[in-house]
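Pasting in a structure now, in structure tokens, and then I'll have a few things to ask.
Letters A, B, C and D name the chains as they come in the text, with residue numbers starting at 1 for each one.
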Amino acid sequence: MDFAITPKMQKLLADIQQILEKEIYPLEREVGENGYRATLPKLKAARQKVKDAGLWAPQIPKEYGGLGLTMMEHGMVSAVLGQSLLGHYVFNCQAPDAGNMEILIEHGTPEQKKTFLEPLLRGDIRSCFAMTEPEHAGSNPTWLSTQAKKDGKDYVINGHKWFASSADGATFAVVMAVTNPDGPPHERASQILVPVNTPGFKFIKNLSVMGHVGEDHHSHAELRFDNCRVPQSNLLGKEGAGFAIAQERLGAGRIHHCMRWLGICERAFHLMCKRAAERELAPGKVLGTRQIIQMWIAESRAQINAARLMVLEAAWKIQELGQREARVEISCIKFFVAGVLLDVLDHAIQTHGGMGLTTETPLAAFYAAERGARIYDGPDEVHKMVVARQALKKYGVQVAT
Amino acid sequence: MDFAITPKMQKLLADIQQILEKEIYPLEREVGENGYRATLPKLKAARQKVKDAGLWAPQIPKEYGGLGLTMMEHGMVSAVLGQSLLGHYVFNCQAPDAGNMEILIEHGTPEQKKTFLEPLLRGDIRSCFAMTEPEHAGSNPTWLSTQAKKDGKDYVINGHKWFASSADGATFAVVMAVTNPDGPPHERASQILVPVNTPGFKFIKNLSVMGHVGEDHHSHAELRFDNCRVPQSNLLGKEGAGFAIAQERLGAGRIHHCMRWLGICERAFHLMCKRAAERELAPGKVLGTRQIIQMWIAESRAQINAARLMVLEAAWKIQELGQREARVEISCIKFFVAGVLLDVLDHAIQTHGGMGLTTETPLAAFYAAERGARIYDGPDEVHKMVVARQALKKYGVQVAT
Amino acid sequence: MDFAITPKMQKLLADIQQILEKEIYPLEREVGENGYRATLPKLKAARQKVKDAGLWAPQIPKEYGGLGLTMMEHGMVSAVLGQSLLGHYVFNCQAPDAGNMEILIEHGTPEQKKTFLEPLLRGDIRSCFAMTEPEHAGSNPTWLSTQAKKDGKDYVINGHKWFASSADGATFAVVMAVTNPDGPPHERASQILVPVNTPGFKFIKNLSVMGHVGEDHHSHAELRFDNCRVPQSNLLGKEGAGFAIAQERLGAGRIHHCMRWLGICERAFHLMCKRAAERELAPGKVLGTRQIIQMWIAESRAQINAARLMVLEAAWKIQELGQREARVEISCIKFFVAGVLLDVLDHAIQTHGGMGLTTETPLAAFYAAERGARIYDGPDEVHKMVVARQALKKYGVQVAT
Amino acid sequence: MDFAITPKMQKLLADIQQILEKEIYPLEREVGENGYRATLPKLKAARQKVKDAGLWAPQIPKEYGGLGLTMMEHGMVSAVLGQSLLGHYVFNCQAPDAGNMEILIEHGTPEQKKTFLEPLLRGDIRSCFAMTEPEHAGSNPTWLSTQAKKDGKDYVINGHKWFASSADGATFAVVMAVTNPDGPPHERASQILVPVNTPGFKFIKNLSVMGHVGEDHHSHAELRFDNCRVPQSNLLGKEGAGFAIAQERLGAGRIHHCMRWLGICERAFHLMCKRAAERELAPGKVLGTRQIIQMWIAESRAQINAARLMVLEAAWKIQELGQREARVEISCIKFFVAGVLLDVLDHAIQTHGGMGLTTETPLAAFYAAERGARIYDGPDEVHKMVVARQALKKYGVQVAT
């Protein structure tokens, strides 16, 4: 288990950090105050700079035009980019597009790649992933109502989805729908590519999340599918393989989420220290002289270090032993790092006082965007049960799912 | 120390609960999705129903047209109204107007009462309070830069304020400004009435708070005063009495904030139980059968009960022994109840999963609006030092402020 | 709900506080270093002073020689006495004797009263209560193996008990044993009076509790009953009424435990403040100038105040509405106050540094003696389920026991 | 940064684990019930088996008769041995002897090595370290009162020490005493070797720690030095180098403490799972089916994993970059791992119910022995300030010590 960072990676990370600070941080407040859509032209300009610098799409194999980083390498990149809510987008490795590109590379037909993957890789379009349904607990992913029925050469999709992140402004959706209702639970659903301009694809609204209705890439939509008809050639992978394909992405997806969260943690830690150093309580006496702030700084430092090591270990284990062997580690980081993230953010906000609630810093936006970290991709409580199940199995106890 | 609720009060609280559920809860989602301003006509209609029911302005003395409740009685009302973020407004006992009315009744000249108080009492206008400055720590309230200099018969005000709650849509502001820069620290500032249409009164923007830029009554503004000139007759109370007047309101103000928070707690508790009872994890198996949810419910119940008793005790002590004797209790409830509030909200949100982040429930709006509970009116850490100072004083230790 | 303390009670509490400080505190360290048994003569002398002062057995009805206090009054006494681990014993209201006296007064036959109750009331003997069995979870009190079979005029008892507090040095035990194995679960067991010198009553050992093997009144024993034969006239109350009788004591028992814990909390709080005031970190700079200590003091103050009010409310509710109506409050205080107790002790110990671990203060002894507070009388987790069950019942959810 | 375990080390760790389980675990309960001294003969027999197996003194260089492990390797051994409070002793790498051997190897004269080191290496004698004084805060190690004055060829030592671990039964003490009272604070004290049979060396008593008065190796003594005279040739290293020598040991000392704590964590985790699997709440329904226990198991697993990685990283950094560069990591593990240790123990105890308080498991003994983990070697709060100081230094803030 070796967590060393090669000189080549150190150089790469430093280059990315520089673009982040120079091109991306200055846009954060603008997004906070004017919204994401109004800032798109400037974001596009920043994307061009990334392309020019040869840093585009770090996670994508070289033959598809990316940097071809390994999972651990891209994890480190993700921790740098995560320092800004805009970082991944500007480098074209943002969720959910990054996951969709990965699926399309792995399972897409040549035609699907041409139509859906190529413009994604170029950054010309965006996509979304529609799985969660308001009527069913996300913790039970096999319980879906959305159906795709065959009719001639088409699938006809009917259903209700929400938390379809970044659907606003997307060109197509990857939709999880039941195609084989009588199959075993984990083989009932398929992933189907659905252009958003297909008749019957209904964008209901962007959800307000923690009081914040986002837009464009920073948004979570409610969608309906009313007799939404797409050709069967839009099926991704095999019929009934929806979960299997989703599962494949899970491990890497969590690593990247967690590394992104670590980026947020480091940014929050930096802002907390900076505020402690600059805010005067009385002339000449800064906040950082107060012991309670010092305690928060120290505890945050230890927590972030712990979290980082756990994510690296999980990534290493996935890479060396495979996702299945790393099950416990993957679930541990999901809840441990999410907990650290929200704790650190909370302390950083409190250190800033009223200012921490505003758009003067990215902290409030981080919190609003990431309170869901303890919920999405399976709530903490479900991941804890996964860990307990593995631990207790060795002692002969069956933990019910 | 008697916390019994008289039959008369029980009746009053039940009547208010009924209006709340019937007239106010249905407006919450509309405010969440369309905004406060768009909902004003319906809020006005609800206010009329409150007037018709003879429940208008419960905290205001009868001679001024209110119900004339004592502090403890109004505290109980506040705990009922607090269940909705719209409750206090509809009954005309919302911050900061309630505090401003109280000051005007106590310290206003007949002319000030006619111009500023009477339309407030009728609910025809709203007001705001401008004290906090971005450049100075709120925890040191004697450190202000905004100045009001005498010039002929006028004050000329220059300064920068923020977190002027509800300034958007207000008709006038009560402005805390230094009038006696050479006086002792606590006698430097005065409170001055400033109509918002006075030249030099500049509304900069509504602050985004936890990602949410509100509007109208639900907002916090940044303001600038650029040679803003008002007649000296707009001085509230005596010159240099700004802090003394602000102090008078503090005890009662905290009780009402805390009781309002308890209202939020009870609503969140109710929603958590309801969700636990209704959400199916699998067909026929509801969330409330999970032990971890049961733990959250039990812990929340105990915490809320504790918080309620502490607030009642503090209110009782202020009423019987005066604000000074109740200093420790007042500071204790500030941080204890704020802590309970955010804990209970957090558990209620987590119980709802993704839905808890949206406007399907008021929980996310509660959280975004009240993360500041640990910051405004003095951050928790300052109140803890107040409590420690009193405790250690008996042992001969001086805790520096 | 009135928590006022009458002048008469104030006087009584002050008198008790004085004896506590003058006669009892000086014995604590002796007990800590030499053991309980070696200190018995001095404890006996202190008991005599209590008798002389007319303060003996505050909880016992006047006709039985006590002060005849109500539950709330004795609760307040208990909070004073609880400040020392020796307090209750010196006033003859220590567990488990207090409970045994209460049962004997209520259910004892004249002969039982003469033999068992009267010497207890005088303080001439001690007793114990043997219910818990190592083989069965204490959270399921109907699941017992100890049996008492009728044989002629006798019961013949066989079984294994532990956590029989204060059995070391006791003259008799109240033993919970199954007499009606085929009855409904709650009607199977009876309470039987068993002198410790009965053949077959086997004292195995005093248990080490958190590393501390106590002795005499401060001890928890493991016992075995091997064909232990007592006359059937030693049955307490009706056959099969064992649980019903135990239940009767529960509410009041928890109030007194909780009030006793509050006494410990106040003592720990006092010691923490005292240490903060006296311990120099460097010449002239005391520990109490550190903000982290101030935070602990403030948080402890708020927690203790909260806990006290909750216990008073529960006591009031039991007194006014009965134990059944106060179920939620009784369970809430069980876990809430135990949690506060251990938190406050932990902070007080940490404030003392290494000294907090020794017998220089009673803190370590408090912790060792009361870590069990979260376990005995039903673990916290069981009480939380009781609270959740009541809350969820209103929403139609059945929480399984 | 490579945390891989070589096959050679895997073999070694497995061999040690086997001896631990076979020879040492069976002695734990005996020590718990009969005391350490009574168990010495059996411990001696176990030590012989370790010697026979060629595993004696793993941390000692080969030329001195040990296994010559690196710091990271011995750290891993320590994590295995730490699973029992008897583990290190049986392998002759127990504190404080291990540290004293290290100092003697590094700084001892040939004569000192012959007299003091060699019998320690053989395990024939034990030693202690006397630094902490009751009158001065341990967090300020330069503030000592014990003095060693030169008189002819001797030092005459006067002073008062406590928490001299394992002094009971030791043959000599390493005493920290002021020899140069007028030197700079960190150059005032020296380390002096003092045989316990020297006149004036007064063993006052073994301290009760968390209610437990230990004995022999498991003990912490109070000592007095009354004109205790030793030859100046007993000076260890240079005069005035007392702190410098103590500092050298610090980094490695903390790694070994932390690894030992991780051993305790793993044992506690194992016992918690085992209990969850075996304890029936009702016939056929084990404790491990309860979700709250599952949460504790999962959270403990994540915390222990995090703690282990942090200790490995700190060890690696000390080894590669030196103690100074690893300052932040060393302080982080001190408080982070101590916190995890006590949390995990607390959950493991609670899982066992009343049994968790007794000597049926080693959990209570672990807790009593290790509550001090948050205090000794610098309280958590001091280490947090070290971390904050380093973090804030980069932002120009000086954190006072």
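Just so we're on the same page, contacts are C-beta pairs under 8 Å (C-beta built on N, C-alpha and C of every residue); 3 or more make two chains touch, one makes a residue touch a chain.
These figures come from a predicted structure and were not determined experimentally.
With centres computed as the average of Cα coordinates, no chain lies farther from chain A than C. The interface holding more C-beta pairs in contact, when A-B is weighed against A-D, is A-D. Rounded to whole angstrom units, the spacing between the C-alpha centres of chain A and chain C is 53. Measuring from the averaged C-alpha position of chain A to that of chain B gives a distance of 37 Å. In terms of their C-alpha centroids, the spacing between chain A and chain D amounts to 43 Å. Within chain B, residues 290-292, 295, 381 each touch two or more of the remaining chains.
Residues 1-4, 269, 273-274, 276-278, 286, 288-289, 291, 293-295, 297-299, 301-303, 305-307, 309-310, 313, 328-329, 331-332, 335-336, 381, 383-389, 391-392, 394-397, 399-400 of chain D are the ones that touch chain A when the two sit in their complex. Across the complex, chain B is touched by residues 32-33, 132, 134, 137-140, 143, 162-163, 207-212, 279-282, 287, 290, 292, 349-350, 353-359, 364-365, 367-369, 371-372, 374-376, 379-381 of chain A. Residues of chain C touching chain A in their complex: 290-292, 295.
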